[in-house]
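Below are two complexes that have subunit A in common, paired first with subunit B and then with subunit C.
Moving on to the complex of A and B:
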């Protein structure tokens, strides 16, 4: 009976993901903090999987972070999004894939609000025409870019050179999946698996040979909180919530964490550094932290890309323990080199958190 | 002015406010309630009393600025309320009425507005390397200090198209697109909002005997100990 109920819940939260022809829009945070991840997304989807992923240089921020910092009115946020849809319409696409979870939530919220209040959609269309002389069609499908990697996860697995398996013991690596709050908490039906049983990252982990770690605070926010991070005075909120997650996951000894949100990998990585330096507390083994990866970085490792081409040198928590477990070869001397092996010096090492 | 009637004009309030049964599920799940002296259940309860004085006091308080807008409460409320959406409507009204300058956390609107709208109108991004200074973000660690010291070459190694033409990571957004963003701000009230926040903040800074620079720096950096448990 209960099993049947779960099957019904699960079937309610499946979403149709078209197999090709996507209009791609970038994330403000990810371009800053994990620039190679977005480059890897287009390289994997176009180059390895042969899909049509279109991008125009004219797209901008969706304004989502500013909106959730309460600095722009709802009408402004909606009209910026309407312009993004106009650019998609003009390019001849119908499937819209944002790289950012805040954006994904923003688009979902706006489309649902327009569906419920058509007079507001009409007002925004009028505003867009006044401001930009543009018109738009709404996307037929809205999917986050992690939904697309989830959709193609088995194709990636078929081309994999490495698996999420401990090379020495043969055991599946224990991976924590962290889903960005705005992926499905507001509109559970928009995410693969909904808000309670999201499967978008768990599906990738299982397909690539790992095992998913379940732990009590699995659904707790990373602690970003928009204004709680962007104002220096509020950052105790952020580190406090991140620590709650780490204290909860540590007894399960995760080998790595993967995320699908722009801010989460940055915060889960950097607050480990802050905790180590302020209190000496580390959450990995032997003084290391727990490596935190984006789903593109993990896909890239599985496919055999060089870790430094994936941008893993921009993490503060060392990723080498994970690379060693997976049996991935890397050149330690090349970690901080520039293009054509240009010498860019090396970052200073933290005092407590073990790094290379 | 009837403040409850004003709140009801906000689409987020229409979506997020139904009948609260005071169960406290939102507070149990709330990351802000973990950290701050904050109880979203109480906020929704105050709003549903429709007491004008009590709602007015909320609009002038620190309380409404504690929420991180993660929307975890929206998923879990058994009566389909969204306390996070109610908060967004309360903040909008607090800003519109100029009440936000009456609280320490509300005064953070000035630096936030400058950071966010400055980046959007100048670069087309909410966050941009030219304004995300390591000095203001030391938690980003020595690796980020190194990255910012070698910004252009490090970004090139990452495959970015930093400030370049055409598509790609951190590309320069064409001027005609930035002009369209400015036009959107002008038509939809975004530009007016920036001026309004600056004017209200200037009045408050004068009242507090501070220059605008001192006021903004204090709002960005200072945190009194009354907020946390």
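Moving on to the complex of A and C:
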């Protein structure tokens, strides 16, 4: 093997990620599913890494969900996106970082469409001006927020209090990385590692001491797929895809799964309950499931944040086995206490999937 | 618990887990079966195909995948049209009879 040649080829799969000054936009649904993830992103990037991350309360949906559910045309999504870019321009930023994978795909698709059809961009600029008297510059760099954590992964590793290592055996934890389909499957050049070798989450796992699990259905969709899930009659197909992934990864005994998409962690986590209730089957050890975390939650864990401040009590699958392996101390009595020690109330536990 | 939906089974065929013993036994008696190139001429000319889904091509494929073929075989009327059009000269009528004999 000619190592230099390999390095040259791999460099084609990289993308330029500016080190500072980012305009950050949140996802529509992540704050409901995993409420601490986006807050943890700003906390880590501003507080721990000292970067300039700007947010505005005027940001709205990008229209991606409606676009992918076929309820609005792309021109409507384009005008919504044009307004987001106008807000970024007004705030004086040039680097745009969406938290949502579908938003990222939506932005990438729209920028690519405008590059291909400049007359359409001109029309959208006119529509935006007529609608709200705003103008915009296109971002110089578009990166998903997981790209930023990937970019700063070694800085996080240097400040880490815990590593992805089994405290008792000293072995690297086996982590499955699941990347949202809209990250690089549509526009491979926009993602780190492209569609063939997406490295964005694998890089974090390796940097923080873990071992990436390679399994046959590694690049299979989580099953969400918008149209599949939103029509109830199609949900059997949706969960069928998730079963396929879990059946494929189970023989490798993963300790956890991390994802960078809003929908994937939700479905990989919640569907484990549905699968257990319908088939009695669980995929972790001793009747537990496989914990599913967002990359911000994993970053928070290695940096030593309290698991309950990271919102891990809102996961369906119990995360305690993973915390025990990493040697992270937690108070079981405080699991269902929210902000200001407010009692969130203990949920009814499932019959088949072991939880605390 | 009733969620209002079930879990769809995957249509993936894992060839390491399928039993294609019938196909191998058929091929030992009718070696011509191995020469099928799945052109579909037999299906195109089959009188039963339109109405019943019978197809020699599908039967051979299903046997290699270890799937049930009984419902297709029972529809064959042994008219022999498929034998006349097969570009590989496979004696398909005899093939159907062999499969029926070995199937039971």
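We take it that the second predicted complex is superposed on the first by the 347 of 356 C-alpha atoms of A that agree within 3 Å, B and C clash if a C-alpha of one lies under 4 Å from a C-alpha of the other, contacts with A are read in each partner's own complex, and residues count from 1 in each chain.
As a working rule, a contact is a pair of C-beta atoms (placed from the backbone, for glycine too) under 8 Å apart; a residue touches a chain by one contact, two chains touch by 3 or more.
The model shown is predicted, which means the values in this text are computed figures rather than measured ones.
Following the overlay on subunit A, a side-by-side fit with no clash is recorded for the pair subunit B and subunit C.
Residue contacts after overlaying the shared chain place A:71 against subunit B, while subunit C stays out of touching range.
In the superposition on chain A, A:274 makes contact with both subunit B and subunit C. In the superposition on chain A, A:311 makes contact with subunit B only, while subunit C stays out of contact range. Legend: residue contacts after superposition of the two complexes on their common chain; A:244 is shown touching both subunit B and subunit C. When both complexes are overlaid on chain A, the residue A:236 reaches subunit B and subunit C alike. Judged by the touch definition given at the top, the superposed model places A:346 against subunit B, while subunit C stays out of reach. Touching more residues of subunit A than its counterpart among subunit B and subunit C is B.
Annotation: apex subunit A, arms to subunit B and subunit C, angle 60° (C-alpha centres, rounded to a multiple of 10).
When both complexes are overlaid on chain A, the residue A:21 reaches neither subunit B nor subunit C. Once chain A of one complex is fitted onto chain A of the other, the partner contacts of A:138 are absent, as it touches neither subunit B nor subunit C.
Distance between subunit B and subunit C in the overlay is 5 Å (nearest C-alpha pair, rounded to whole angstrom). According to the touch criterion, the shared surface of subunit A, contacted by subunit B in one complex and subunit C in the other, consists of residues 232-233, 235-237, 239-240, 244, 274. Those residues of subunit B that touch subunit A in the complex are listed here as 10-12, 15, 31-32, 34-36, 65-72, 74-75, 82, 88, 91-92, 95, 105, 108-109, 111-113, 115-117, 119-120, 124-129, 132, 136, 139-147, 150, 153-160, 165-171, 173-174, 176-178, 180-181, 183-190, 193, 197, 219-223, 228.
Those residues of subunit A that touch subunit B in the complex are listed here as 26, 28-29, 31-32, 35-36, 38-39, 55-61, 63-66, 68-76, 78-80, 83, 105, 113, 116-117, 120, 127-128, 130-132, 181-182, 184-186, 188, 195-196, 219-221, 223-228, 230-237, 239-241, 244, 266, 270-271, 273-274, 308-309, 311, 313-316, 336-339, 342, 344-350, 355.
Those residues of subunit C that touch subunit A in the complex are listed here as 1, 3-10, 12.
Of all residues in subunit A, only 232-233, 235-237, 239-240, 243-244, 274-275, 277-279, 351 touch subunit C in the complex they form.
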